[in-house]
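Each chain gets a letter, A, B, C, D, E and F, in the order it is written, and its residues are counted from 1.
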Amino acid sequence: MALTADLSSKWLLVSEPAPHVLHIELARTPVNAFSSEFWHAYGALFDRITAEGRDVRAAVLSSAIPKLFTAGIDLADAAKITTGGLSGATQIDGARTSLAMLRDIKDFQHAIGAPERAQFPVIVAVHGLVLGLGIDIIAACDVRYAAESSQFSIKEVDIGLAADVGTLAYLPKITGNHSLMREMAYSAALFSASDASRMGLLSRVVPGGREEVVAAALALAGVIAGKSPIAVSGTKRILLHSRDHSVAENLEYTAAWNAAALQTQDIPESLAAAKGRRAPKFAPLHRSKL
Amino acid sequence: MALTADLSSKWLLVSEPAPHVLHIELARTPVNAFSSEFWHAYGALFDRITAEGRDVRAAVLSSAIPKLFTAGIDLADAAKITTGGLSGATQIDGARTSLAMLRDIKDFQHAIGAPERAQFPVIVAVHGLVLGLGIDIIAACDVRYAAESSQFSIKEVDIGLAADVGTLAYLPKITGNHSLMREMAYSAALFSASDASRMGLLSRVVPGGREEVVAAALALAGVIAGKSPIAVSGTKRILLHSRDHSVAENLEYTAAWNAAALQTQDIPESLAAAKGRRAPKFAPLHRSKL
Amino acid sequence: MALTADLSSKWLLVSEPAPHVLHIELARTPVNAFSSEFWHAYGALFDRITAEGRDVRAAVLSSAIPKLFTAGIDLADAAKITTGGLSGATQIDGARTSLAMLRDIKDFQHAIGAPERAQFPVIVAVHGLVLGLGIDIIAACDVRYAAESSQFSIKEVDIGLAADVGTLAYLPKITGNHSLMREMAYSAALFSASDASRMGLLSRVVPGGREEVVAAALALAGVIAGKSPIAVSGTKRILLHSRDHSVAENLEYTAAWNAAALQTQDIPESLAAAKGRRAPKFAPLHRSKL
Amino acid sequence: MALTADLSSKWLLVSEPAPHVLHIELARTPVNAFSSEFWHAYGALFDRITAEGRDVRAAVLSSAIPKLFTAGIDLADAAKITTGGLSGATQIDGARTSLAMLRDIKDFQHAIGAPERAQFPVIVAVHGLVLGLGIDIIAACDVRYAAESSQFSIKEVDIGLAADVGTLAYLPKITGNHSLMREMAYSAALFSASDASRMGLLSRVVPGGREEVVAAALALAGVIAGKSPIAVSGTKRILLHSRDHSVAENLEYTAAWNAAALQTQDIPESLAAAKGRRAPKFAPLHRSKL
Amino acid sequence: MALTADLSSKWLLVSEPAPHVLHIELARTPVNAFSSEFWHAYGALFDRITAEGRDVRAAVLSSAIPKLFTAGIDLADAAKITTGGLSGATQIDGARTSLAMLRDIKDFQHAIGAPERAQFPVIVAVHGLVLGLGIDIIAACDVRYAAESSQFSIKEVDIGLAADVGTLAYLPKITGNHSLMREMAYSAALFSASDASRMGLLSRVVPGGREEVVAAALALAGVIAGKSPIAVSGTKRILLHSRDHSVAENLEYTAAWNAAALQTQDIPESLAAAKGRRAPKFAPLHRSKL
Amino acid sequence: MALTADLSSKWLLVSEPAPHVLHIELARTPVNAFSSEFWHAYGALFDRITAEGRDVRAAVLSSAIPKLFTAGIDLADAAKITTGGLSGATQIDGARTSLAMLRDIKDFQHAIGAPERAQFPVIVAVHGLVLGLGIDIIAACDVRYAAESSQFSIKEVDIGLAADVGTLAYLPKITGNHSLMREMAYSAALFSASDASRMGLLSRVVPGGREEVVAAALALAGVIAGKSPIAVSGTKRILLHSRDHSVAENLEYTAAWNAAALQTQDIPESLAAAKGRRAPKFAPLHRSKL
C-alpha cells in the first residue's frame, strides 16, 4: 500500500515528502481550533498508521495555516464541557457528571497521546501561536522545532481550568526548569521560542518562519528514516520507559527487550554498509494481521 | 436500548436474567478453546457494553458447556504463535518477529483484561476444567466462585511458555500464598477448588455443579445490582488503583475521586430509602456521546 | 508523667492495665457512632501520645459498649457531607465543593490512620458489629483479634458511596483473598469472624465475647511490651515501608535504618538477659523537645 | 478577616501589597539564621493561612535584610544537633539518638516543605547570599527569581553533613543539569545567579538588587492572583503529582481531579469576561470548618 | 561437568538425587547456626551454579541436622555486630560505624537472597525449629514445605533488633494475613506449621518429619525438572517482577520478555511430545562465557 | 596500603595526583575501543577500590589517548554479539539466545554502572570523540567536564541497535531537554560540547584540550577530597536515591539515613576548623572485613 494512500482528510493533510517520511499538516481554518471531531481524527490517524503496519520511519507534524500552529481547543466545545453537554450526561448529579467527564477526558488524553504510541519518532515543527492544547500536542511528540517568531502559552488557566490532556503530565519530565515551567503554567503568559528553548522544551529555534522550520524538521526526519527501524523504534520504546521508571527498572526492561532486538539483521547490515561505504537497507517492521 | 439487544454472538451467549444483571456464557464447543477470533470477540463484548453506556450493574461469566469452563488456548493458534504466523511477520530476523509478537501479546492482554475496564463488577462462576488461559480469564474478573468439582491448572509451562496474558501479573497480588501459587505455576499441576480456595483465589466453593455455581453467582450479582452504581463503580475503580499503588498514593487518589462522587443523589436516596424501608432507586451512569 | 494522665476524654477511655500497655476504649453511647468531633479526638489521642513521648510499648483498642464495636459514621454527619455542609463551603459550584470536600476527606483519613503513626503496635479487639468506618479503623491497626460472634460489613455502598478513609486502601494489601474482599466491598454483606479470618483479616477468632477478646489482646500487648522498643518500633517502621515498596527498595531502606539501630544497648541487654535467664530491661524511646 | 490580620510575628513580616497577594519577609537579624523556633514559625505561618481559609491567591517570599536572603541554619542549633541535644534524647545509645533525630529531621522537613502544601503558588525572590538551608527553602517554592548579584551555596558538606530538608530531594527533579547540580552539592562552592539559571533553578535573573527582584516577583504574583483560583490551585496540585509519578499515573489522577474541577463557575465567568473584555471575578476557595 | 562436581563443602552438602535436580543440605552442627563464613558460602553456592551454567532445573534446600532446620544467626557473630566488630570499623563515630554496618547488611542480604537470582525454582523443606534467620532464608525461596512438627519464630526482636535480611521485606508480599504476620514479628512467638500455613507461608504441611518433607519436596522438584527450562525460568522471572510492580507494568515487561521467549523450540517439542505421548526433551540454558 | 598500589593495569592507568584523589586513565590504543575484557576490567577496578576500603575521596576519569575519549565498543565484540557468540550460547533457538544475551547485557550494565556504586564522586573529563559506549560511561559518572572541542554521538542506532548499557536509562533523568536528547538518540548525529551543555549534560566546557579539561577536573576533585567523606558519600547516596524516587520517599529515606550520619565527628571537626580558620581533618571511611 502506498504510504499515504487514503490518509488525508479534510483537516489533516498527509504526504510523503521523502521515502518512509510522513508529513502531517493540521489544516482546520481559520485557526486550527480543535473540536472533538478534530482531535478524534488526529488520534485516529496515528493509531491507524500503526495498526495498518505502514512503513513509516519518521513523521513531521506542522500547521498548514500560515499564521499559526493552533489556537487550541475550539471554544464551542469548551463551552459544552462546562455544562456537561459534551458528554451527553443529563445532569442528574455532580457525581454522574464527573464520571462522564472522566471518560471524556481520558478519551481526549488518549487521542492527543497518539504520537507516543507510534513506532516512529514524531517531530513537531511549529510557527506562530501555539496556545493551550497546542502545548499538550507538542509535549506528546518526540522532538520539537520552532520558528524563531513562535509564541507559546499554557493558556488553560485563562479559561478557568487546569490543563488536563498532557501539558502538566509531560512538562515536568521533559524540560529542565520547573520554576520557569510553573511560572508559565500559573500565569498563562505568552512566551517566546527563546524562553521555550531556555525551559528545555525545544531542540532548535529555526530562523525564519513556517517553511524554514518545516524544512529543518523534514531534514531531521530524513536522517532518522535512513536508520534501522529496529534500532529507532527500540530507542523510542526504551526512552519512554526510562522517563517513567527508575534507572534500575529501566536497565532491567532494556535488557529484556534488547536480548531479542540484538538478533536483528540490521546489525550486520549496518556494519557491512559502513564497511562498504554505502547506505544500509532495512526491512520494514511488520504489523500483526490478527 | 434493551440491555442485551444484539450482544449475543455465535460463541458468546448474553442474557439479562435480572434487572441490570448480565449473564455472559462462553459457548464454543467442544471445549471453549480460545482462538484469536474468540478472544477478540470476548474483549470486544465487554468494551462495547461500556462504550454504549448500557445500564449493566453486575455481570456473571460462566461456561455454557456442561463439562468444563475452558480448556484454554486453541492449540491451532498456539502452533501459529511458535512460528510467528499469528502475527503475519515474515521471519526476516528474530528482532522483527519479537516486535510483531510483542504487539500480538499486548492485544491479547488487552482483550483478556476487558472485565477490568468495565464499570460494573464481573463475577466468574466456574465448573469442571479451568486450564491455562482460563486462569488468566478468571484472574481479571472481580469475584471468583467455583463448583466444588472444579479443577484448575496454570498449564502454560506444559506447552513450553510462561503465562503472559494475566495469570502471572494478577495472582501474586490477588491471592495470599505465594508458595502455593508458584508451585502451581512451575509444575502445571491440576489443583482442586479446595486448593484454589486455600490459595485465596476463590470467594466460595459451591456444592454441586454448573447450575448451582451460576445460581450462586447470579444471586450475588442481583444483590450488587441493587446498590448505587456510583458507589459500586467507585469502589471498583479505587480497589484497582489500590492494588497497584501504595496506601498513601491510593488515599490521595481516593480523596480526589470521592470529592466529586460524594455529590451524588444516591446518598440522600440511599438514606431516604433506608429510613422508609423501601428499595432505593438509582439513575444509570451515562456514557459520553462523543 | 504517668502514662495515662489526662488522656481519657468523654468518648475515649484510656487506662494502663499493665506496664507500658495502653488500653483505649471507644465509649460513645449508644453505638460508637463517629461524628467529626469523635474522629478528630480519636486521631488526636494517638498523635498526642507520640508527641509527648509517653513510654507506651503496645496498645489495645476496643469498644466499651457491650453489644458492638462501632456502627460506623454518625449519620447526622453523613447527611451533612452530602450537602457540603460539613465543609462549610457555600455551594458556589461543584469544583469548590469538591475542593473543600477533598480537604475534609484528607483530614478524616489522617485521623483514622493515626495508629500507623504510633511508634508502638496497636492491637484492635472487636466484638459485635463492626460496620463501615469500623473496617477503616481496624484496617489501620497492626493486629486484629475478633470475638467469635463479631459481624463485619463494608457498609459504605449501602449509603451510596465508596469507602474512602482506609478500607479500600488497606484491604487489598493486608489480606489474601481479593475475590472475597471485593465481594464484601461491592455487596455490603454482613460477614462473620470466620469469613474475616478466611479473608486474612484477623490473627485470631477468640471464643467468647468482649471480655475474652480484650483479655487475649491485652495478653499479646503484654508480651510485646516486654520486648526491646527499638526492635519493635523498627519492625513496625520496616513493615509499613515494605507493604508499599518493592523488595529491593525495602532492603535498601532497612539497611539504612538498621545500620543505626544495631548500635542499641538493647542487643547486649537482650543477650545478657537471655544468658542470665532474667527479663531484660529497656530504656524508653525519648521524644524530641523541639 | 483581613488577609494579613495577626499574621506578622517578630521574624516574619506579612503584608498584602495587592489584592489576594501575600508578601512574607524573613526578618531575623542579622543574617536570617534559622533556629528551630524560626523554622517552626515559618512552617506554621503557611499552614495557618491554609487552615484558616484566607483568600490568598499568590505569595511572594523574600528577605527583609538588605545584604542577604539567608545564611542558613543557626549554628547554635547545628551544634546542638551534633550532640543530640536538639532532640532532648538522653544519649543512652546510638539507636535511640537516631530515632529521636529522625523525628526532628521529619519535623524540620515538614516545616520547610510548607509552601508546597499551600493552595496558592509561592514565588521566592532572593538577593545576596542564599546559603545552606536557603537552598532547601527556595527549592520547596513554586517559582524562583534572583537578583543578579545573588550567590548560592549548597553549604551542608562544609559542616560535615548531607543536606536533609529538601535540597537533595528537590533539585534532581526541578532542575535540568545533574552534573552541575552534583558538582555544587559535593563541593559547597558558591555559585552565581547566572550558574543557578544555567542549572535550571531560576525563572529569571533580575537586574538590580532586593527591591527590583521583589518588584518583579510581586508583578508576577499580581498576574497570578487575577486568575481563577480553581484553575491555579488545580494546576499546582497536578504539577506536584506529576513531578513524582509516571505520565500514565498523572493522566489518570488528573482526569479524576478535573472531572470535578470542570464543573466550576470560573469557566463560564472566564469566557464571559474575555468576551466582554473585562476582568473576571472569582469566588474564593473555602476552607472546611471541621 | 557433572552437575554437583566440587559443589559440596564442609557445611553445605550437595547431591543430584534425580536428573537436573539439586539437593542442598545445611550441615553445620550442632544447630546450623549461620556465621558470616556460613552465609557467604551459602550465597556463593547459588551464584556459582548460575555463573557456571550448570544445568540445574530445580533445587531442594533442607537441613541435614535431624532435630532442626536452623537456630538462626550464630550468636558469636551477633555479638560482634553490636560492637561494630563484624565490620572491622574502628569506632570513630556513629556515622562511620553505621556506614560500615550498612555495607555488611547489604552483603548479608545479597547472600541470603541468592536463591532469587537462580534461574531455577528453589523448594525449601523444613522440619523442627526454623528460627530468626531461618525465616529470612525460606522467604527468599520459591516454594516452602514444612514437616508437621515444624516450629517457626521471627526471633529477631528477642535479641533487640528488627529483622533485616529479608523476613520483613518478603513476608508482607508473599503471605496473606498481615495481622498474623505482624503479631509474630512483634512478639517473636513460636508458631506451628499449621499457623504458618494459615498465614499463607507454606504450600504444604507434610505429615511426618525430615525424611517425609524432603521426599515430598524432591518429588515436586522432579516434576518441575521435567518441564521446559525456558518456560520455568521465564515464569520465575515474571513472578518476581510481578511481586514488585503494578499489573500494567508487569504486563508490559512480560510482553517484552515473552516476545523473544516464544521463539523457543520447547514449544513445538512440548506439543509434539504431548501428541506422541512421550516425555519432552529440552536443551539446557547456556551461560555466557564472558 | 598505598592508595594506588597495584591498581594500574595494561589499559587502565591509575595514579594519585593529590591526597585521596584518584586519576584513572583509559589507555587502550588506538581508540579506547571497549572489548569485553576492557569493560570487565573497568568495572572491576571501581568495585575493587570500594571492596578494599581504599581511602579515595574523589576520582577523575579521562582518556590517555591524545585524540579522543573513546570510539565506543570494540567492533569485533559487536560482531560477536550479533551472532550470539559473545555469550557462548549455541544457537538452539531464539529464546535461549535471548536468555544468554540478557545475562551478558546485565553484566555489561553492571560494569559500566560501577562508578555509581563507588562511595566517592567520579568526575569525568572528556576531550575529542565520545562515541556510543562513551555516552553510557559518562552518564554513569557524577560530574561531566568537556574540552571545548569534544564531539559526542549516541552512535548505537548507526550499528542497528538501541543503546542498552546506560545512555537511555540515565539521560532522560540527568539532563533537561528531552527534545534535544531524543533527537540525538534517534539520529546518531555528532554534537558539540556546546550542544551537550545546552542539553544539560555538562557542568563545564573547558577552553583548550585534554590537559586543560583534566586539570580542571582534578582541581574540582581536590576541593571535594578536602570535605568530610561522611558528608560527601551521604550526599551521593541521597542524590542517587532522589533521582529514582518521589520527593516524599526521598525525604523519608534521607531522614532514616541522616539520623545516624549526624552522629559523626566530622560535624564538630568542621565547625572547629572553620572557627580556627584551619583545614579540617577527617578520618577515612572503613570498609568491612567480612
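FYI, a contact is a pair of C-beta atoms (placed from the backbone, for glycine too) under 8 Å apart; a residue touches a chain by one contact, two chains touch by 3 or more.
Chain-to-protein mapping (UniProt): A, B, C, D, E, F = Delta2-dienoyl-CoA-isomerase.
Bear in mind that the values here come from a model prediction, so they are computed numbers and not experimental data.
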Ask   = Any chains in contact with both chain B (Delta2-dienoyl-CoA-isomerase) and chain E (Delta2-dienoyl-CoA-isomerase)?
value = A, C, D, F
Ask   = Where each step is a move between two chains that touch, what is the least number of such steps from chain A (Delta2-dienoyl-CoA-isomerase) to chain E (Delta2-dienoyl-CoA-isomerase)?
value = 1
Contact-richer chain pair [B-F vs A-D] = A-D
Inquiry  = Over half shared numbers or under half: where do the identical copies chain A (Delta2-dienoyl-CoA-isomerase) and chain B (Delta2-dienoyl-CoA-isomerase) land at their interface, same or different?
reply    = same
Remark   = Per the C-alpha means, the centres of chain B (Delta2-dienoyl-CoA-isomerase) and chain D (Delta2-dienoyl-CoA-isomerase) lie apart by a whole-Å value of 47
Ask   = CA centre of chain A (Delta2-dienoyl-CoA-isomerase) versus CA centre of chain F (Delta2-dienoyl-CoA-isomerase): separation in Å?
value = 33
Key: chain C (Delta2-dienoyl-CoA-isomerase) residues counted as touching two or more neighbouring chains   = 94, 97-99, 173, 175-177, 200, 230, 243, 245, 248, 252, 256-257, 259-264, 266
Task = Specify the contact topology among the chains shown, as one of line, ring, star, complete or other.
result = complete
Message = Quick check on the complex: what are the chain B (Delta2-dienoyl-CoA-isomerase) residues that touch chain D (Delta2-dienoyl-CoA-isomerase)?
response = 241, 245, 249, 252-253, 256-257, 259-260, 263
Remark   = Counting only contacts in the complex, chain A (Delta2-dienoyl-CoA-isomerase) reaches chain D (Delta2-dienoyl-CoA-isomerase) at residues 75, 78-79, 81-82, 84, 94, 97-99, 101-102, 105-106, 109, 113, 156-164, 166, 168-173, 175-180, 182-183, 185-189, 200, 243-245
Task = Please give the residue numbers of chain B (Delta2-dienoyl-CoA-isomerase) that touch chain F (Delta2-dienoyl-CoA-isomerase) in the complex, ascending.
result = 94, 97-98, 248
Ask   = Tell me, which parts of chain B (Delta2-dienoyl-CoA-isomerase) touch chain C (Delta2-dienoyl-CoA-isomerase) in their complex?
value = 58, 121, 123, 142-144, 173-177, 200-203, 220, 223-224, 227-228, 230-232, 234-239, 242-243, 246-248, 250-252, 254-264, 266-271, 274, 280
Remark   = chain F (Delta2-dienoyl-CoA-isomerase) contacts chain E (Delta2-dienoyl-CoA-isomerase) in the complex at 36, 40, 86-90, 92-96, 98-100, 103-104, 107, 230, 233, 260-266, 283, 285-290
